[in-house]
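Two complexes come next, and they have one chain in common, chain A, joined by chain B in the first and chain C in the second.
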Partner chain A sequence: MTLALLAVPLVAALLALAIPSNRWRPWLIPVAAGLHFGMTLITVFAGQPKFPTAWISLDPAGQLVLLLISTLYLVTSFYMTGYLRYHAQRQNRVFVSCLLCLLGTMTLITWARHLGIMWVAIETTALCTGPLIFFNKTPQSIEATWKYLLIGFVGIALALLGTLFLAYSSLHAGLEPTLALDELLLHAPQLSKPWLHSAFVLMLVGYGTKMGLAPMHTWKPDAYGAAPGAVGTLLAGGVTSCAFLCILRIYQICCASGDFAFISPMLIFMGLLSMAVAGVFMVGQQDYKRMLAYSSVEHMGILILGLGLGAPALFATLLHLINNGLTKGVLFLSAGNIHRSFGSTRSTVVRGALHRLPVSAGLFLAGFLAITGSPPFGPFISEFSILKAGFESGHFVASGLFLLFLLVIFIGMGATVLQVVQGQEPEDAPRTAYREGVLTIAPPLLLLGLVLVMGVYIPEPVKVLLQNAAVFLEVRP
Partner chain B sequence: MNTWFNTLLVLVLALNLFALGTSRLVTMIKIVSLQGLLLGLMPLLIEDHLAVTSALASILAIFLKGMIIPSMLLRAIRDVHIKREIEPLIGLLPSMLLGALVTGFALLFASSLPLAEGDTPPLLVPASLATIFCGFILLTMRLKAITQVMGYLVLENGIYIFGLLLVEAMPLVVELGVLLDLFVAIFVVCIMVNHINKTFSSLDTRLLTSLKE
Partner chain C sequence: MHFPLSITLLLVAAALHALSGVPGLLLSRCTAAGQRIALALTCVASFLGLVGVALVFMQGTASATLPWYLIGSEPMLLTADGLNAFFLVPVLIVGALGAVYGLGYWPQGAHPGNGRGLRLFWGLVLAGIIILLLARHSVLFLMGWELMALSAFFLVCTEHHLPEVRRAGWVYLVATHTGTLALFALLALLYWVTGSFVLRPLAVDEAGLGTLFLLFVLALLGFGMKAGMMPLHFWLPAAHANAPSHVSALLSGVMLKVGLYGLIRFIGFLPEPPVSWGIVILVAGCIGGVLGIVFAIGQQDLKRLLAYSSVENIGIMLIGFGLAMIGRSQDRPVWIILGLAGCLLHIWNHALFKPLLFFCAGSVIHATGTRQLDSMGGVAARLPRTAIFFMIGAVAICGLPPLNGFVSELIIYLGLFHGVADAKASAWTVAALAAPVLAVIGTLALACFVNAYATVFLGQPRQPQASAGHEAAPSMLLAMSTLAGGCVLIGVLPWLAMPMINQAVQAWDTAVQLRPPVAVGTLLPLPAFMGMGLLLAVASLLMVSWLSRRIKGGNASHRITWSCGFSLPTVRMQYTATSFVQMLNGLSQGVLRTRMHRPRISGLFAEPSRFKTRQDEPVLDRYILPAFLSICAFFGRIRFLQRGLTHQYLLYVGVTVILLLGWTLPVETIFKRLFAR
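The block that comes next holds the complex of A and B.
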């Protein structure tokens, strides 16, 4: 099953290169995604978690992220076929192939329990997503891809250096140098502190670049602005979640070595900084796709902040990981529809979207309410629980700032979103041939339904999964 | 064996400075490829009992960093008709001096690092740090897209040197994965360089500023 889970997307990617028809090729994506999702459900829920080898196995944290990306990918895959049908004249061979590769490498990240393999997998996601951002082949998308690749490569290179430092910390302690997670966790208390600490900093910066934490977030608005909406979903909900999983690994090692007091202030600071930067750029933001990118920066900040609060906030943080991924899907997919109909991402041009695209604009509005933490949606529960954990653990300043930033972001984001969806459509507003269809409407609708379910009642199996993951990560030295 | 190894490290450090001091792109690619070649030789020298797997990895590294990647880069600059980095952000001589400065700093700094007991070659950690710093200088102080890629390669080389300390921790799969990723990365970057040149009629990254707040 493990092998099949990894192999299906990669085989499909090769098939995509071989299929000559531009029209039928995109249907390979939902087929592969469906198979992947089915196998994911079997692996995660049916069987006991299997540990096939020490390096490649699925632990509770990996299960959670795997379930998230597989769900998100399946839903997005149908949208993708609708999108590629609309752009039927464009050659999509490389695009489809890279998209399928991306699923394979993201899966590998969730399975990897060897930090070297994890690193290779995350570098490969960067290589797969480059061509995806580039799909529109406009000067903007070239610029965005270049920045994404260069900043991403440097960030990941730093993460590699951090990974090597981690291995060196075991060598320095007189152990056999290793990067296998099990052995590192076992010997965590003996690891050499200075090397472990610098490894943590480098990996936080490196994988944080991939997550889009401020101040390494600069590629994010460009890339999300230029990429197709569905790719934005996979980046904001999938790749960032995988990068967060990488940070969870080093977090776990640091906790096991008794260094939580050292890393906690750093995580809290990075989290709040990301939220602050996102808030500053969201107020008065006139490009609604860039606005979504800053929203992603904000939520990555919330995740890191939650991690910094430690064990009391762990469950809520993992819940927020799921909620953020699903809600980002609603937002990016509906924003993609609006973009396609108006041909612009400027809120000065796009107005009155509720009249032209009632469903998409409605979804965009609901997605905005959900992501900013309004009840009854999922993010409300997770953000509120993080806040509660913050106050209860005595982080009054951090929790106060958290609340303040949430408020600022709500106002800033609300102004732009309302401008887009409400009001009268201008006479001279551009209009393309795009009409709302089942393939581009049903996926975000389904995701919104999931977000709502997560807010009203977390399904029992998911809850168990979250609890297992939180307990698994909650290691004591 | 250690003298040979140290000689190679000194050569790598000298190549850093050369790379910082040249404006001709062809020369720079050749310098970086020579550096990659020397790095590939190092595992063969450092280990007393050479395992087949690490020999394989180092031969692959020599092949990739010393031959394939440079030839891809040479083709890329031939396609876009660019020979020189005309106007770096800071001059060639100042950047060479800066490179020398960070090398000296790395040598001083490394002596205060808590290194593991045993026979770590004394120059290895400072050489790695200095190469990483020089890579950063190239990345940030040059404006042509292709030179920035060269900076990334130098940075990667610096990390590779540090990795020599940890051959046991890196299984062959991972080493091959790292090399393969590097290869694909340069491949993708070369395609992008071509597109940048076609769209903007230049490789000057200052033109890539339409996306901002």
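The block that comes next holds the complex of A and C.
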């Protein structure tokens, strides 16, 4: 099953290269995504052997991320077919193939229990996503791809250095150097502290670049602004979650070595910094897709802040990972529809979307309310729980700043969203051939339904999964 | 699991309210069937809810737990006691009457684009309020709260194609979200204190004074924002003025009170409050009351005037509540009872006469097509019934006998007099100062509403388009007459409300101080109320009949009202609302600061010129908006950090690595070693 889970996307990617029809090729994505999702469900919920080898196995945290990615990918894949049908004249061979490869490499990240394999997989996602961002072939998308690759690779290089430091820290302590997670966790208390701390910093910055933490987030607005909406979903909900998983690994090692008190302030600082930067750049932001990029920076900050708050916030942080991924899907997909209909992402041009695209604009508005933590949507539960954990763990100042930044971000985001959604369409607003159709409406609607479910009643299996993952991560030296 | 009937009924009411707008969504936007279904569902829901409330009043407190675990291990706890049942009554009544009014005021046929959305969110607001009133679990409370707050945003933005509506909605949204985040902090802090999501009174030594103070401030911020407590009222005038009138009635009559409920309930949870808290609330009430009515007098927009008058009435309620808080700190049961009873009865009363006035305003605006007082006039001739209802509402809101506003204000006066008489209590001076303030508020309110009534209903139409128009539809009149009947009923027979007030006061979390329970009625000369009320009613009826006979007698001559001695002036020469209150406005220019556009007139034959005055919202336009703009400008200045320069971006990565690596250095040990050498 493990092998199949990894192989299906990769085989499909090869098939995509082979299929000649530009029109039928995109349907390969939902097929592969459906197979992948089915197998994921079986693996995660049906008690399949989860630890086949020491290097490749699925622990509870990996299960959680895998489930998120697979769900998001499946829902997005239908949207993608609608999107590619609209752009039927464009050659999509490389695009489809890279998209499928991306699924394979993301899956590999969730399975990897070896830091080297994990690193390789993350590196490959960067390679796969480059052509995806470049799909529109506009000057902006070339610039965005260039920045994404350059900054991304610098980050990945730092992560590699961190990985090597980690290996060296075990060597320094007189142990057999290893990158296998199980062994590192086992010997964590003996690891050499300075090397471990440096490794943590390098990996936090390295994978944080991939995740889009401030101030390494600078590629994000360009990349998310230029990429098609569906790709934005996979970047903001999928790839960032995978990078977060990588940070969870090093977090777990540091906790196991008894260094939580050391890394906690650093994580809280980085988390709050990301929220602050997102807030500053979101106020007055006139490009609604770039605004979504900053929202992603903000939520990565919340996740890192949650990690920094420690055990009381772990459950909530993991819940927020899921909620953020799903809600970002709603936002990016509906924003993609609005973009396609108006042909612009400027809120000075796009107005009165509720009038022209009632469903997409309604979804965009609902997604905005959801992501800013309004009940009854999922992120409310997770953000409120993180705040509660902040008070519980005695971080009053950090909790106060958390609330302040949430307010600033709400104001910044709300101004842009309402400008786009409400009001009257300007007379001279551009109008393209795009009309709302099932393939581009149903996926975000479905995701919003999931976000609502997560906010009203967390399904029991998911709750168990979250609890397992929280317990699994909560290692004490 | 045991579910008491009262809670079941209330939950069914919430569900029916929430669903009332859904059938309409499935129907065509051109048919009126959806509106009728929604109305029927709303009425049934409110009826069931009222039965549930009656059961609570008859059988006492009821609790139930929903088998619903969202976070934490506690199930969702619901409790219906005297206090929240008391607040549920206006919610259910105004909710249903507003839907009845909407049938004539906002018919689906005339508003195909937004009628369905309006009804959906109308039901959701009511459902949210019912849930939050019943909730005794933080998460459930917040869910109900946000459901209410966000649905109200959509109601305010019903006509979002108009720029000023969008602006009003946006200010409301930011304000309500700020309040919600304060509530997040409040409830998270309560969780930290009690270790549970269940909302319950804190024990005496459960939290330190600092924590209690923080809880108090957060409650004031979060709930005060919703209640429209001065100076957190800044969102209120624009939102109430720009929403459809029955929505304004719901916001003002019901939603503001929910903020007060939160304040009363949550501050009731905090044990042994210092006397300064009560004084803060009382003083805030005094300031809000006086300034609210002063601003109301200065308005030129009928609905903004009514909105500021809500701020004033909230101030009166806060005076009562502040007195109760002082009584609690100083252990004076009579103050608690009279203060809280006056506050609560005024909540009911305001929920009767303010929606009544907004409904009247709605039909006037519907008929004349304008909200500007200075364009109206002579409406009474064409809308005689509306005029009578507005008169009833205005008399009630000014606190004149024999209507209901008088009763509740008198109870607060009595409480304050008890405070003044009890010179042993250290806070008696505050009470002594508050009583005259209340009198000033009453006087100014009278001036305000005489002005409003006279300008709108008497005289001649000041603009040609205001002379068209017709009496309100029967459904609108039905809603108005029901509310007017309520005003008369409570005014003439106040003891009908006393058992409910008793239960609500007893349910406030001051159990120790109110043992043995004292009935409110024993502290009040209720028969005297009734006697006086009836006497006044009979006297005024006699006077009206005498006057009308005299007028019909033929001696009266027909002239344009207030024509200042001219025999054939134009209608433009009538006294306008602005001129009527010019002296009062002049006295209050210190806070009002009306913007005047006064062109200089020169020469013997001057060019035609226009004189204009504009009244801004003092807090919003003078403090909050400039502050926001300067923050935005500051953010704009630091945006140079991200200008698209990739090498700069790489530098950031490098700097971060170096700084964080610096963080890992054991600085202390290095220093120690350096200095040890």
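Assume the second predicted complex is superposed on the first by the 475 of 477 C-alpha atoms of A that agree within 3 Å, B and C clash if a C-alpha of one lies under 4 Å from a C-alpha of the other, contacts with A are read in each partner's own complex, and residues count from 1 in each chain.
Note that in this section contacts are C-beta pairs under 8 Å (C-beta built on N, C-alpha and C of every residue); 3 or more make two chains touch, one makes a residue touch a chain.
From a predicted model like this one, the values you see are computed outputs, not experimental measurements.
Q: Check the residue A:Leu407 against both partner chains and state whether it touches chain B (first), chain C (second), both, or neither.
A: After superposing on A, A:Leu407 lies in contact with chain C but is clear of chain B.
Q: Determine, for the superposed model, which of the two partners chain B and chain C contacts more residues of chain A.
A: C
Q: Contact-wise, after the overlay, does A:Leu58 reach chain B, chain C, both or neither (first, second, both, neither)?
A: The answer is neither, since A:Leu58 touches no partner chain.
Q: Thinking of the overlay built on chain A, is A:Phe281 touched by chain B (first), by chain C (second), by both, or by neither?
A: both
Q: May I ask you to decide whether A:Pro194 touches chain B, chain C, both, or neither, giving the answer as first, second, both or neither?
A: It touches chain B and chain C both.
Q: Applying the touch criterion given at the start, work out whether A:Leu132 contacts chain B, chain C, both or neither, answering first, second, both or neither.
A: So A:Leu132 meets neither chain B nor chain C here.
Q: Quick one: classify A:Met203 as touching chain B (first), chain C (second), both or neither.
A: A:Met203: touches no partner chain.
Q: Could you say whether A:Glu176 touches chain B, chain C, both of them, or neither, answering first, second, both or neither?
A: Touch status of A:Glu176: first partner only.
Q: With the two structures laid over each other on chain A, which partner does A:Lys147 touch: chain B (first), chain C (second), both, or neither?
A: both
Q: Where on chain A do the contacts from chain B and from chain C line up?
A: 143, 146-147, 150, 154, 194, 221-222, 281
Q: Quick one: in the complex, what on chain C touches chain A?
A: 68, 70-71, 139, 142-143, 145-147, 150, 157, 160-161, 163, 166, 169-170, 173-174, 177-178, 180-181, 184-185, 187-189, 191-192, 631-632, 635-636, 638-639, 642, 644, 646, 649-650, 652-653, 655-657, 660-661, 663-664
Q: Show which residues of chain B lie in contact with chain A when the two form their complex.
A: By the definition above, chain B touches chain A via 113-117, 132, 139, 145, 148, 152, 155-156, 159, 162-163, 165-166, 168-171, 173-174, 177-178, 181, 184-185, 188-189, 192, 195-196, 199-200, 205, 208-211, 213.
Q: Within their complex, state which residues of chain A touch chain C.
A: Touching chain C from chain A are residues 143, 146-147, 150-151, 154-155, 158, 194, 197-198, 200-202, 204-205, 209, 215-216, 218-219, 221-222, 262, 266, 280-281, 283-284, 316, 352, 354, 369, 372, 374-376, 380-381, 384-385, 387-388, 390-392, 399-400, 403, 406-407, 410-411, 414-415, 418, 422-424, 456-458.
Q: Okay, in this complex, where on chain A does chain B touch?
A: My answer: residues 55, 114, 116-117, 119-120, 123-124, 126-127, 130-131, 134, 137, 139-140, 142-147, 149-150, 153-154, 157, 160-161, 164, 167-168, 170-172, 174, 176-179, 192, 194-195, 221-222, 225-226, 281.
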